[in-house]
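Chain nomenclature is as follows: A, B, C and D, assigned in order of appearance, with residue numbering initiated at 1 for each chain independently.
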Amino acid sequence: MKAVRVHEYHRDPQIDDIAQPKLSGPLDVIVKVGGAGVCRTDLHILEGQWAEAMAPELPYVIGHENAGWVHEVGDGVTNVAPGDTVILHPQPSCGLCQACRAGNDMHCSGGFFPGLSNNDGGMAEYMRTTARACVKLDPTTQPAEVAALADAGITAYHAVRKALPLLYPGTTAVVQGAGGLGHIGIQCLAAMTATRIVVVDRKSEALALAEDLGADETVLADGDHVEAVKDLTGGVGATVVFDFVAEQGAEMDGWNMTAPDGSHYVIGYGGQLSIPTLDVISTERNVVGNIVGTYNDLAELMVLAQAGKVTLHTQQYPLDQAVDALHDLDAGKVRGRAILVPEGA
Amino acid sequence: MKAVRVHEYHRDPQIDDIAQPKLSGPLDVIVKVGGAGVCRTDLHILEGQWAEAMAPELPYVIGHENAGWVHEVGDGVTNVAPGDTVILHPQPSCGLCQACRAGNDMHCSGGFFPGLSNNDGGMAEYMRTTARACVKLDPTTQPAEVAALADAGITAYHAVRKALPLLYPGTTAVVQGAGGLGHIGIQCLAAMTATRIVVVDRKSEALALAEDLGADETVLADGDHVEAVKDLTGGVGATVVFDFVAEQGAEMDGWNMTAPDGSHYVIGYGGQLSIPTLDVISTERNVVGNIVGTYNDLAELMVLAQAGKVTLHTQQYPLDQAVDALHDLDAGKVRGRAILVPEGA
Amino acid sequence: MKAVRVHEYHRDPQIDDIAQPKLSGPLDVIVKVGGAGVCRTDLHILEGQWAEAMAPELPYVIGHENAGWVHEVGDGVTNVAPGDTVILHPQPSCGLCQACRAGNDMHCSGGFFPGLSNNDGGMAEYMRTTARACVKLDPTTQPAEVAALADAGITAYHAVRKALPLLYPGTTAVVQGAGGLGHIGIQCLAAMTATRIVVVDRKSEALALAEDLGADETVLADGDHVEAVKDLTGGVGATVVFDFVAEQGAEMDGWNMTAPDGSHYVIGYGGQLSIPTLDVISTERNVVGNIVGTYNDLAELMVLAQAGKVTLHTQQYPLDQAVDALHDLDAGKVRGRAILVPEGA
Amino acid sequence: MKAVRVHEYHRDPQIDDIAQPKLSGPLDVIVKVGGAGVCRTDLHILEGQWAEAMAPELPYVIGHENAGWVHEVGDGVTNVAPGDTVILHPQPSCGLCQACRAGNDMHCSGGFFPGLSNNDGGMAEYMRTTARACVKLDPTTQPAEVAALADAGITAYHAVRKALPLLYPGTTAVVQGAGGLGHIGIQCLAAMTATRIVVVDRKSEALALAEDLGADETVLADGDHVEAVKDLTGGVGATVVFDFVAEQGAEMDGWNMTAPDGSHYVIGYGGQLSIPTLDVISTERNVVGNIVGTYNDLAELMVLAQAGKVTLHTQQYPLDQAVDALHDLDAGKVRGRAILVPEGA
């Protein structure tokens, strides 16, 4: 089969012809890939940024945002069967540790991350995952249309879901960064809360899109945006700031826009928070970390998607053109999310 | 091997010599039983009360409160290995449904209950369960000493754990019924809250034991006990009533002892609640159902047990004397919990 | 001033000319009434149903759903000033007891309920309340248009708000009874959740309105409705049933429509629940009581109203025609909520 | 009456003879002081650290940890009467803003802080506060013995109370700093949870006291303490770190001791957190701010104190010797908490 493999860091990946993956354990599932999202993390992998943390053996297949159809299952698999349409949680989990047993599977002590850690990912015709990663979909779903919800989607959803108890009517939520994740976050907020949604972004086109998706107010990130958010909130700031940027100064803007008794939800990364503990305690503000969502987060997000409450802009490329898709992403030429589609999918 | 099997309802079970259970799936675990608790539910099974609901094929092995040592594991089992000391959650769960994925495994859509539903239980030398039912214990633990926590214990723990957010200092919790479950409930409350614990029971010996275990006040259930609880609580009743009886009128006493804005936690069963909806809304009281606890409940309870914060009174019988143990339980002659111990365990 | 007073039970009230209320304590507020809702509870008062429980001295002014303008304030009042447009929480609270200090002011140990307990209500030109009952509104608000949110509105809102953590995407909420309270409940659910909303009512017109307000499915209460709800939910029932009827058998329908691990929220009243404790524990279902909402519930609901997310159908009557309004309500002739409007308001 | 007043920063305060405070509003309460705690914040006031933030007019009376007896009340006060024994919440609140109405009175938009902001505090024979600051105590309570719970106590209690849902059996809580606040925090944890309590401090005497108060493990802060906490927790760190120090590097130690999915509760202050957002998201850790507790926190803490579950070490000084007490505190010579007691109290 064809697969997009990293052979060396700081070089384009190659389209190789390799053997199809095989079942290796009773809970394994082989999936025929219908769509694989192209993510900034893939660019970072190619730059070697994850080499040390994840230490995958090269060459390996990248792609961690996948959906498709079940092809073959191990003899312990009871939740899906060949032919089922599925979207794949990016991190298969063990199902047996304390975290898994608490519904907190992102903190599984035995999880792995195909396409990032040392396991082949989904930029290929087939991939291997496990039963616990498979969310069964309505059979009419086109995998390529939803694949990007598997990683970008649940990360945004997870943060919003955690914050719901804070966002009752009369509160204000700021979404900082209305890009790939942020525009899903805005839709999740609009679908699940009656909070006032204020979107902050550097680009006016992104703000225009944000308004279409449910933003109540938009603020151009032009240097006066912290002050602008304060002005919109009676001088106090937002109840929750969803910081989908968290780099290049946005991380401190996020903290500074957060009201007393409020919370700064960090979702993006790259920057550094520098906060006097006196500020933390005198205002009783929180910094809340957010990782990729859980399996149930993905299942719930698919309910929103199938009800039309969350929609994605995608731009499809044949699997063969993976390198073009990566270059386009790097050059800022992709509108929405780039999705690789294997021939015949 | 020897096993205690029900052949006919309304008759004593028999000690049979049957084949050892074998692995039948990749997640199966065969456990050498070290102790099997004898529960009132076993008496109810023999009386045929569960015949319709569970419809097991006769003959079958009863026993749903089990601990022992892992004997053999399927090829998908990663959390335990032969030789490990384990206590068994009574309901193996699928690990794949929405409830399991939310940490709510008692509501698993594919769970079963060996010794109650159509699967052999633990009153035998060996039993079959699955990886998801095994809680690994410190190797020095004696299975016979903890087995009763597997069902009675987690039922009490689960109810107390759910109520924790309600039981801050200044509140009052009533424990109605200081028997097998109730005396574990009292210890859980004393270990995990600073609420005032008021214990209501018909027997003064039970109340004396309750005081040793952490009760702040005791009330004899002599017909004036609802009034007595009101007197102890400034006329309003308890924040939470843990009703371990819920039959023979106790169920309405439990409701009537509950304060406005309070909750009546039903754990026992047999009686019938009859409540005007006007009373429900004008006082904003709740009735809260409580089933057996989750896997993590069992794991947490074992932490309390191993720290000496929850202790059990047990009376051990050789497995051969299962019928005597059942008769003693029925006759009210068992102090604490009767535990069957196979020879050589 | 003119006021609608009950002189005798089982007789129409009279329009009397009485003295304007005066400030009697430092936290008192005199409000010029702009609109007073007419509620079924007013009919019940006239029938003497509340005579024993509330024991008001006759004659007294009824009306417990009020909005208007601040006329005069006591010297301890700091949150409103003469001229402010306000909606009034129906139960002034002390602000000093444990419940008030926890934001749970409906359980205030010193609260009272003007128009129901021994205090004059709002079917008059002026009424006396306290600072803690006043929610300040945008000055452009017409009191007569929002008055009904003060009691019916917050009762529905309060129940929905409490249930929010249960109603994530993929769940089902049943609204039983799409009348005065229910149609507000539907709007609150649509504004604050992405749950599937199923509305059950005896009248097809009510179901048609429900669809306009956000119902995803409607079920005619024709005797097969419990089964119909089961069919819509894969045989299990609803995650939460909001029972705005809770009489004439609806209370048991509500319970029977509730899924395992689900909750039956009782808001209406009149009927009697009869539930075996075995059903409570074997399914782990809950019955949840719901009283009128808190002050903050009212403030939050006004945010939804001012954003157009909750709207009310009202039918206005001059204060003089209070008796006609009560008769119309009794005869089922009022569409939406009847509101009394004093002359010049 | 005698009062301890700050006339100039960077100088000792003076014992002045000034007029007794008078009632100025209907909710005011004049309290005869029975004990006033001496806090490090008083030293910081004298050093001018709060001059800008609080801008009190000099001279003014300091002292913000007070208990005593009600002397006189305004005509709107209903919760206390002359003669009542009371402990005073340090921040009188308005009772009318959204935060007060939610039980979140520390975030009152109209609160003030006598002895810190521009209002005379409690190092005097009498002080003025309001009804909403008074917690009524058992009349046998000695105010001087409990005064320190009014500020130090509720700050520790508040943080622990917020963290309770995280601290189930099997978790680990680290208390960093077993001084004035920390030793109350340890007692609160032991009274309300079954978590494992690990105490970290620079002084071995403090660790010995911690063991008496309920610590399960102690760790000397000798430079290897982050590693030692990791070793005690299977390499992952603590579920919750209560950081009562948060300066001189302890703030980063606290963060570094926190497990993935865990929370760093900041209570002390002085240092600066510097945290890459990548660390925040990849581990999903939180930083949680903690301010002084609420009124209900104080009431609940008094329940623990009156049950003997939280005890304080105090060292009493006559009010006249306030300057000695301050000097002793500064010199590290006070064991437990220094309390000023007016003559005749």
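Methods note: contacts are C-beta pairs under 8 Å (C-beta built on N, C-alpha and C of every residue); 3 or more make two chains touch, one makes a residue touch a chain.
Only a predicted model underlies this, so the values are computations on that prediction, with no experimental measurement involved.
Engineer: What's the overlap between the neighbours of chain A and those of chain D?
Structural biologist: Common contact partners of chain A and chain D, which must touch each of the two, are B, C.
Engineer: Suppose you list every residue number at the chain C-chain D interface; are over half of them used by both chains (same) or under half (different)?
Structural biologist: Since more than half of the residue numbers are used by both chains, the interface counts as same.
Engineer: Report the inter-chain centroid distance for chain A and chain C in whole angstrom, where each centroid is the mean of the CA atoms.
Structural biologist: Centre separation, chain A to chain C: 42 Å.
Engineer: Touching two or more other chains, which residues of chain D qualify?
Structural biologist: 98, 104, 170, 299
Engineer: Touching residues of chain A toward chain B in the complex: what are they?
Structural biologist: Listed in rising order, the residues are 25-27, 74-76, 78-79, 94-98, 100-105, 110, 131-132, 294-296, 299.
Engineer: If we count contacts the way the header does, which residues on chain A are in touch with chain C in the complex?
Structural biologist: Where chain A meets chain C, its residues are 161, 164-165, 168-170, 191-194, 299-301, 303-304, 307, 309.
Engineer: In the complex formed with chain C, which residues of chain B make contact?
Structural biologist: Against chain C, the touching part of chain B is residues 98-99, 104, 106-107, 170, 243, 246-247, 251, 260-261, 266-278, 280-291.
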